[in-house]
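These notes open a run of structures that come right after.
What follows is a pair of complexes built around chain A, which joins chain B in one and chain C in the other.
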Partner chain A sequence: MVGDIQAFFRDLSGSGINLTIFYDAFDFGRFVTGLGYTLLLIALSGFFSILIGAMGAAVLSLGRGPAASVIRGYVALFRNTPLIVQMYFFYFAIGSIMPVMRNEIGLAQPLIGGLAWAVISLSLYAGAFNVETFRAGIGAVHRSYEEAALALGYTPRQVFVSVTAPLALRFSFASLANNLVDLTKATTVAYAVGVTELLYVSNQIWSDSLNTIEMMNVILVIYLVLTGLVVFLINRVEAAMRLPGFGAGGAP
Partner chain B sequence: MSVSPSSAPLIALRGVRKSFGHLEVLRGIDMDIRKGEVVAIIGPSGSGKSTILRTINGLTPINEGSIRVGDIEVGDPKLDKVKLRHRVGMVFQQYNLFPHRTVLQNVAMAPIQVLKEPREQVEERARRLLAEMRLPDKADAYPGELSGGQQQRVAIARALCMEPEVILFDEVTAALDPEMVKEVLSAVRKVAEDGVTCILVTHEMGFAREAADHIYFTDRGVIVEHAPPQTFFTEASDPRTKEFLSKVL
Partner chain C sequence: MTASQVVSTVVEWMPFILRGFGLNILMSVLAILIGTALGIFLGLGQLSRLRLVGAPSRLATQLFRNAPWLVLLFYCIFLMPYQVNIGGMTIVLPSWLRATIGFSFPVAANFSEIVRGAVNSVPHGQWEAAEALGYSRRATLFRIVLPQCISRMIPPWMNLYALLLTATPLSMIVGVEEALGRTQAAVQAQANAAMLLPMYLALLALFFFYTWPINRLSRALEGRFGTK
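Right, the complex of A and B next:
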């Protein structure tokens, strides 16, 4: 089976379509490594960006004063500057003043490497957008639900946790899917700080095998599949949390 | 009016004033409501009826005057809101059930989370209340699956599950189809018969006449007159009251 596939693509390369990743074990290995790192970036940054977004929106809706100002400043900074500049800033500016360790064979090894900086940078970037997404979701929850909870003796904090947040989440899915699709595509920027994700390994492959056009197509298809998967997952979660007679699923 | 100690009012409003911006909604409201009484507040739209209710449980803070519920001073900056809202429940025009919680959870969640009562005890009480509201088989449904009248009866059960002394009913039938009004009004009547003090803002004149012990008529932020229903509906003295009654009766 595998042999057949390899033979097919080896033959195909004779006709000018050279997809080395499907018949060359070394290129295949590199490609799988890249895919693995891309998936890792999506999973970790996606998780942390949602966490940051939720906490930021909670602070904005519950708190006044300094904490809210810090969040607003963070959102302004990370939403309104280019991602690659932010990542360079973390990797080269902050990374250069971080302590450097020695690994087991005595080579210099930074405490926080390219992958970690990429996750931090992507999480903060996507987190800024998620703050706004969840804030909009909270704004969409009708005040009457909160009043009903207040009238039952709930404190504003309890109202937020028990009533506002669960309803706001349901209003946030469409916009959240947007942000996570954007994050999926943005993981390619990690290439710039040396993370061997999909674009990085593809560049290596086409440099060695001179199959730039083929690999470009492969990358486009892979990202279409990845973003499709992200949207599929969010839609599944949204469907599982749909409430009868509430929101997009039924009459308000 | 002579007030004997035994009939000292449970709720007393004195000179209550409230403005939203430069719009003065309440312009000096005085009310005395005794324990177990059923009081109906009627009047034209925008006369401040709902605002009066919302000041009594502290949802709307007042600018001037005082509100006392039992021994609780509602305007007190150190007010224990849990204590006040334990004693004073509220039912809203739009039901305001929590759409992400089942009917049983809606009814039981506040006593469990706010009053810290044991779950089993609260759920047993909630099921009994749902049965009294003739909704025993709806415990596991979501509010969105119920009719308006059913939702409003759940909302009444939710208020009752806190075991309050007073329930504020804010135009609880105004959003309902006519055939559902009756079922909700009979639920309200049951609450009143069980001895819970009821303050209703309502447009149901027939219900007010028959169920209320006392009727307050408000217009433009003041109480124009108040009387027992028999006298109110037949011997209204103020021209504004007469005009209003001529329109609604």
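Right, the complex of A and C next:
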């Protein structure tokens, strides 16, 4: 089976479409590693960005003090500057003042590597967009729910945790899906700080095998599939968390 | 290094970086013009009742909207010719121009969605009223619906421009000498680790003070043109 696939693509390379990743074990290994790093970046940054977004939106809707100003400043700063400059800032500027460890053979090794900086920077970037998304979701919850809960004796904090936040989350899904698709696309920027993600390994492969066009088409298809998967997953979560009378026609 | 030395070094390199930033602005202005022109056709194409026009427009919109900017940029950098011959005239395509074309595709796809969204935001009753008054579909679209759409499209269009500008430093990866590339060159020329933080902070500030007012204005206009 595997042999047949390899033979097919080796024959295909004779006709001008040279997809080394399907018959060359070395290129295949590199490609899978790249795909793995891309998936890792999406999963980790997606998780942390949602966490940051939820915490930021909670601070903005519960507090009016300096904490809210800090969050507003963070959102404005990260939304209005390029992701790649932020990543360079973290990787080169902040990275230069971070402590350096020595690994087992005595070579200098930074405490936080390219992958970790990429995750930090992608999480902060996507997190800033998620703060806005969740805040809009909170704004979409009608005041009457809050008032009803207060009348039932809930404290403002309890109202937020048990009534406003669960409803706001459900109103946020469409916009959140959009942000996560943008995050999926943005993981390619980690290329700039040397994370061996999909685009990076593809660049290595087409430099060695001179099959730029084929590899470009392959990664384009893969990213379209990945963004499709992200939307599919969000829709599944949304469907699983659906409340009768809310969302899909019931939302304001 | 004292604080004043740091500041004076940043100021000293600023003209060099600002010339790079000029290229960022030039690329973003050209790409938004090309992208908007293409996007109008794609967006109206998406609304077409002809399947032969509608389906390809929707496909192209989704394709360019969901592909990473960097991948589209690589396409244009690696697959476009370095120069084109038109009737004996040779036009050289420098890498910044090819990058600009690479940025135009996602801009066109995003603007296509803005056009579609704006047209769909006009209440359906207006189409029916126009039909009752004897307007053709084309006349309704161009004389009744689209004039109302223009003000609604301006805020998202400005957001798109801000997004585009913050994407232009990606072209540094393919060797365009814009602000980020020049900052990196400046940092390497100084060979001083203490200057890394202030130089990159200055670059972040440069982008922030250009983009932030655009997004603020867009938000203010959104409130003004907001439809209920």
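Quick note on the criterion: the second predicted complex is superposed on the first by the 248 of 252 C-alpha atoms of A that agree within 3 Å, B and C clash if a C-alpha of one lies under 4 Å from a C-alpha of the other, contacts with A are read in each partner's own complex, and residues count from 1 in each chain.
Operating definition for what follows: a residue touches a chain if its C-beta (ideal position, glycine included) is under 8 Å from a C-beta of that chain, and two chains touch if they have at least 3 such contacts.
From a predicted model like this one, the values you see are computed outputs, not experimental measurements.
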Chain C versus chain B on the shared chain A, clash or fit after superposition: fit
Touching partner for A:Q158 - first (chain B), second (chain C), both, neither: first
Angle at chain A between chain B and chain C, C-alpha centres, nearest 10 degrees: 100
First (chain B), second (chain C), both or neither touched by A:A149: first
Chain B versus chain C, judged by how many residues of chain A each one touches: C
Contacts of A:P244 with chain B and chain C, given as first, second, both or neither: first
Chain B versus chain C as contact partner of A:I234, first or second or both or neither: neither
First, second, both or neither for A:S96, with chain B first and chain C second: second
Partner chain in contact with A:A126 - chain B first, chain C second, else both or neither: neither
First (chain B), second (chain C), both or neither touched by A:T188: second
Where chain B and chain C come nearest after superposition, their Cα distance in Å: 23
In the complex with chain C, residue positions of chain A that touch it: 76-77, 79-86, 88-89, 92-94, 96-97, 181, 184-189, 191-192, 199, 212-213, 216, 219-220, 223-224, 227-228
Residues of chain A that touch chain B when the two form their complex: 144-145, 147-155, 158, 162-163, 166-167, 170, 243-246, 250
For the chain B and chain A complex, residues of the former touching the latter: 57, 59, 81-82, 85-86, 89-90, 92, 94, 96-100, 109-110, 113-115, 142-145, 158, 162
Contact set on chain C toward chain A in their complex: 63, 66-71, 74-75, 78-79, 162, 165-170, 172-173, 180, 184, 187, 193, 196-197, 199-201, 203-204, 207-208, 211-212, 215
